[in-house]
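Both of the next two complexes hold chain A, though its partner changes from chain B to chain C.
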Partner chain A sequence: MSTPTAPDAIYRNDEGLGIWEHRGKVAAVGVGHAPTSRRWDGRPETCVGAITIDALRKAIDDAGVAPNQIDGLVVVPVTTTGAFWEQGKPLPMDVIQSFNQTDDPLDGVAKLSAEWLLANMPELTNVQFTMYGPGCMSNALNVTAQAVGDGLTHTCLVVKSWHNFEGRYYQGGANAGDAIPGTPAITQLWGGPASYSTALQFAEYCRKYGKNHEMMAPFMENSRRNGLMFPEGYWAQHRPEKLLPEDYLASRWIAKPANLFDNDIPIMMSGAYLFSTSERAQDMKQKPVYILNHASSNTRPRSLLPTLDEVEADTARTARKIYEGAGITADDLSFENMYDGFSLFHQFHLEGLGYRGIKFGEALDFYQTDISIEGPNPVSPSGGNVGSGRSRVWMHTDCIQQLQGRAGPRQVTGVKPEVGVSGGPMPLGGNFTVWSASPD
Partner chain B sequence: MTKQGVEPDSFSQPFWDAANEKRLVIQSCVDCDILQHPPTDTCRDCDSDALEWKQVSGRGKIYNYGVVHDCPVRLLQQDQPFNLAVIMLDEDPGIQMYSHLPGVPVDDVPVGAAVEVIFEPSANGQLVPEWRVIDE
Partner chain C sequence: MDMVRLVRDKGFLIGSCSDRTLSGQRAIWAEHDIEVDFVVAKHMLPDVKAKFEADTYLHIGDREDLDRQYALKAGFDFLWPDEAVAHPHFKPED
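Let's turn to the complex of A and B:
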C-alpha cells in the first residue's frame, strides 16, 4: 500500500459552496496525546514514531473502539520543528532497528509514513484507507472529515507529531554557510527569522490602529494560564510557570515587535484523534463531537509578505467560508480556538471571524476585557501554542474536550459549550474546522 | 554588514548578472504584463511560463520594517540587532524587496520614505540590491 497526499478537491477552498454536504454526519470521539518533551533524548521509546504510536493507541482506547474496527489512517508526514537530521550524521541504528522499518531509515525518527505506523501497530489489521494531510493537524483534520463523510473510511485515526533535536533550529544548513544558491538568495540573504513576517504584519496593524505590543500581555497571560490547565501540554508537564505581563514584556526580542514568548517553543509531541461517522459514534465510549464544516484558504500573498490588507481580506473570506458551510454565524460560536503560534497573529483570526462582534483593529482592546474561560467571551481556551508549546494541535483537542464537557479545570464556565472553531496556521493559508456538541 | 555570498544558478543568473551591472531586474509575465517577486517558474496569475526579466527604475518606498535581534543566518549575527525593511517598488507597490537599509539607525526607520536601489558586494563579491533613503 502506498499512501497518497490528499487531492486538492478534498478541501473546501472556495466561497459559495453552500452548507457542507456532510454537516453533522462526521464526529470526533477519541483523543490521545503522548507525553511531551523539549527534545528527543535518543531513546527508541521516545522517538517520534514511538510517541505517535502511543498517542494513536490512547485515542483508540479513549474512544473505546476495537483496533480491528479502524479502517482509516490520516497522517501528517512531516514532523520537524525546524530540526533536521544532519547530512552525514551517523544514523541512530539502535533506534531504527527497534522498529519494523520502511525503505527510509529516518522514518519514525525524523518523519512519519502511514506504512511505518501500520508496520509497527500490528493491531491495526483492517486499515484500508490511508492519506497524507500535509503540514498540520488542521490540514489532516479537513482530510479526515471529508474522507469519513465521503465514505472512504468509517472509523479513522488522524495524527500529527513533532520531533525536535539538539541544537538551535533553522541555524544549520544554508544559514550556516558563507554562500547560498542564487534562487533562494533572492529572498533569503537578509536573514529574517521565522516570526519576521508576522512581526511586520503586527507592526503595520499597530501603526494603522494605534495599538502597541504591551496590549498583547493579557492575551499571553491568559493563554499560559489556560495552558497550565492542559495536562497534555508542555508547560503544564515541565515548566508550570505563569506568564506575568512583566515577564512577557521583559523578554528579549527575536524580530521586534515579536519577542521570545511571541514565538512558540519547539517540542516533541504527538496528538491523535479518532473520527467516525456520526452513526457509529453513538456506540463509542465518549460523547461524539460533530463536525459542522471544514474550510481552507490557499491564498498566496502578491509578493514577499502578506500585507495587512491582504491578511484582513483573507481572514474575512475564510470566516465567510467557515460560517457558510457550517450554516452558522459568529453569534453561534461558544468559544474560539484559532491558531496562535505566532501569538501576534491571533487577533487577525479573531477579527476575521468577527468573534463577539469585534471588527478590524479592535482585538487588542478586546484582550483588555475578560477573555478568561470563566467569562462570557473566552479567547483561546486551549491556551494554544503559547500555553502548551508548538504543536498546532491543542486548539483542536480543546474544542473536542470542551464540547464533550471533559476539559477539566480548563472547562469553559461562562458560556454553554455548543459550537467551537479551530484552525490555522497562518492568516493567509490555513485549514479550519467547526465543531459542535449537536449534529444539528 | 556583509551578506552571504551568492552562487547564481541558471534560473537566477539574469537577476544576479544584472545586479553586477548595477541594474535591478524583476520577473515579468509576457502574457499579462505583470511583475512578480519572488520569481518563479510560471506566472502566479495566468500560469504562463513566458516570463522575462524587466529592468525597473530602482525607486521605491519603505513599506514596513522590523528589527532582527536573533537571526538564523550565521554571517549576519555579528551585526545584530539590525533593521530589516520591506521596500515597495514605485512601478508597482505590490512588489516587495527586502533591505537592511544601510545607514539608517536601528529601529529608527522612516516608514513611507523614498528609497533608491544601490548595489553592495556580498561575501563572495556578487553585488546584491540594497536600498538607501533619498530626499524626494
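Let's turn to the complex of A and C:
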C-alpha cells in the first residue's frame, strides 16, 4: 500500500460552498495520548514511532473498538519543525532494528509513514485507506472528517506526533546549510527566529490599536493554568509551574516583542483520535462528538510576510467559511480553542471569529476580563501550546473532551459546552474544525 | 544544593539566573530551604552586577550560548558544573 498526500479537493478552502455536505454525519469518539517528554532519551520504547503506537492504541481502547474494525489511518508524516537528524550522525541502529522497518531508516525515529505504523501494529488487519495530512493535526483532522464523510473509511484513526532531539531547535536541517533552496531562501532571508514574523505582526497590531505586550499576561497566565489541568500535557506532567504575569514579563526577548514564553516549548508527544460515522459511533464507548464543518485557509501573502491587514482579512474570511459550512454564527460558540503557538497570534484568530462579539483591536482588552473556564467567555480552555507544550494537538483534544464532559478539572463551567472550534496554525494558512455535542 | 549551602555559609551572595520562571526558581529554593539573595531571568545578570558590590562575580552554567556567553558579556567569570565542583570556593574551609 502506498499512501498518498491528501489532494487539494479534500479541503474546503473557498467561501460560498454552503453547508458542509457531511455536517453532523462524522464523529470523533476515542482519544489517545502518549506520555510527553522534553527530548528523546534514545530508547526504542520512547522513540516517536513507539509513542505514536501507544497513542493510537489508547485511542482505540478509549473508543472501545476492536482493532480489526478499523479501516482507515490518517497520519501527519512530519514529526518536527525544527529538530532534524544531524547529517552524518550515526543512525540509532538498535532502535531502528527494534521495529519492523520501511525503506527509510529514520522512519519511526525522525518521521512517520503509514506503512511503518501498519508494519508495527499487527492488530490493524483491515486498514484499507491511508492518507497523509501534511503539517498539523488540524490538517489531518480535515482529511479524516472528509474521508469518513465521503465513505472512504468508516472507522479511522488519525495521529500527529512530535519528536525532539538534543540541540538547538531550528538550527539544524536546511538552516544549517550554506544555501536554502526554494521559497524559504527569500522568506527566511534574515535568519530570524521562527516567531519573528508573528512578532512583526503583533508589533504593528500594538501600534495600530494602541496596545502593548504587557496586555498579553492574563492570557498567558490563563493558558498555563488550563494547561496545568491537562494531565496529558508536558507542563502538567513534568514541570507544574504557574506562569504569573511577573514571570512572563521578566522573560527575555526572542524576537521583540515576542519573548521566551510567547514561543512554545518543543517536546516529544503523540496524540491520536478515532473517527467514525455518526451512525457507527452510537455503539462506541464514548459519547460521539459531531463534526459540523471543516474549513481551510490557503491564502498566500503578497510579499515575504503577511501584513497585519492581510492577517485580519484572512482570519475574517476563515471565520466566514467556518460558520457558513457549519450553519452557525459566532453566537453559537460555547468556547474557542484556536491555535496559540505562537501566543501572539491567538488574538488574530479570536478577532477573526468575532468571538463574543469582539472586533479587530479588541482582543487584548478582552484578555483583561474573565477568560477563565469558570466564566462566560472561556478563551483557549485547552491552554494550547502555551499550557502544554508544542503539539498543535491540545486544542482538538480539549474540544472533544469538553463536549464529551471528560475534561476533568479543565471542564468549562461558565457555559454549557455545546459547540467548539479549533484549528490553526497560522492566521494565513490553516485548517479548522467545528465540533458539536449534537449532530443538529 | 549542598554546594550552594556551603558557599552560603561561607558568606557568598548567591542566587539563580535562569530561563525558568522567577516564581519557579523561588519555589525550588524554598523547597530546599535555601535563602537566596536574588532570583533573576537569564538575561538579567547585568542587573545583578549593578545591584551587588562584590570582589568577584561568578556564574555556573551548562550552556555555551545561553550561559557562558551571557555571563562573560555581563562581566562575570564562568565555570562549567564540573569545574565548579573542583573549584576552591566549593571546598570546605580547613
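Basically, the second predicted complex is superposed on the first by the 422 of 440 C-alpha atoms of A that agree within 3 Å, B and C clash if a C-alpha of one lies under 4 Å from a C-alpha of the other, contacts with A are read in each partner's own complex, and residues count from 1 in each chain.
What we mean here is this: a contact is a pair of C-beta atoms (placed from the backbone, for glycine too) under 8 Å apart; a residue touches a chain by one contact, two chains touch by 3 or more.
Keep in mind the model is a prediction, meaning the values are calculated, not measured.
Within the superposed three-chain model, A:R252 lies in touch with chain B and with chain C [touch as defined at top]. By the touch criterion defined above, A:A119 lies against neither chain B nor chain C after alignment on the C-alpha atoms of chain A. Of the two partner chains, chain B is the only one touched by A:I186; chain C is not. Shared-chain residue A:Y196: touches chain B; no touch with chain C.
In the superposition on chain A, A:G177 contacts chain B only, with no contact to chain C. More residues of chain A lie in touch with B than with the remaining chain of the pair chain B and chain C.
Legend: residue contacts after superposition of the two complexes on their common chain; A:A330 is shown touching neither chain B nor chain C.
For the contact definition in use here, the residues of chain A common to its chain B contact set and its chain C contact set are 252-253. Chain A meets chain B in the complex at residues 170-171, 175-183, 185-194, 196, 199-200, 203-204, 207, 252-258, 300, 302-305, 307.
Across the complex, chain A is touched by residues 19-24, 27, 40-44, 65 of chain C. Those residues of chain A lying in contact with chain C across their complex are 168, 239, 241-244, 246-247, 250-253, 260. Interface of chain B with chain A (complex): residues 3-9, 11-13, 15-16, 36-39, 44, 63-76, 81, 84, 86, 94-100, 107, 111, 122-124, 128.
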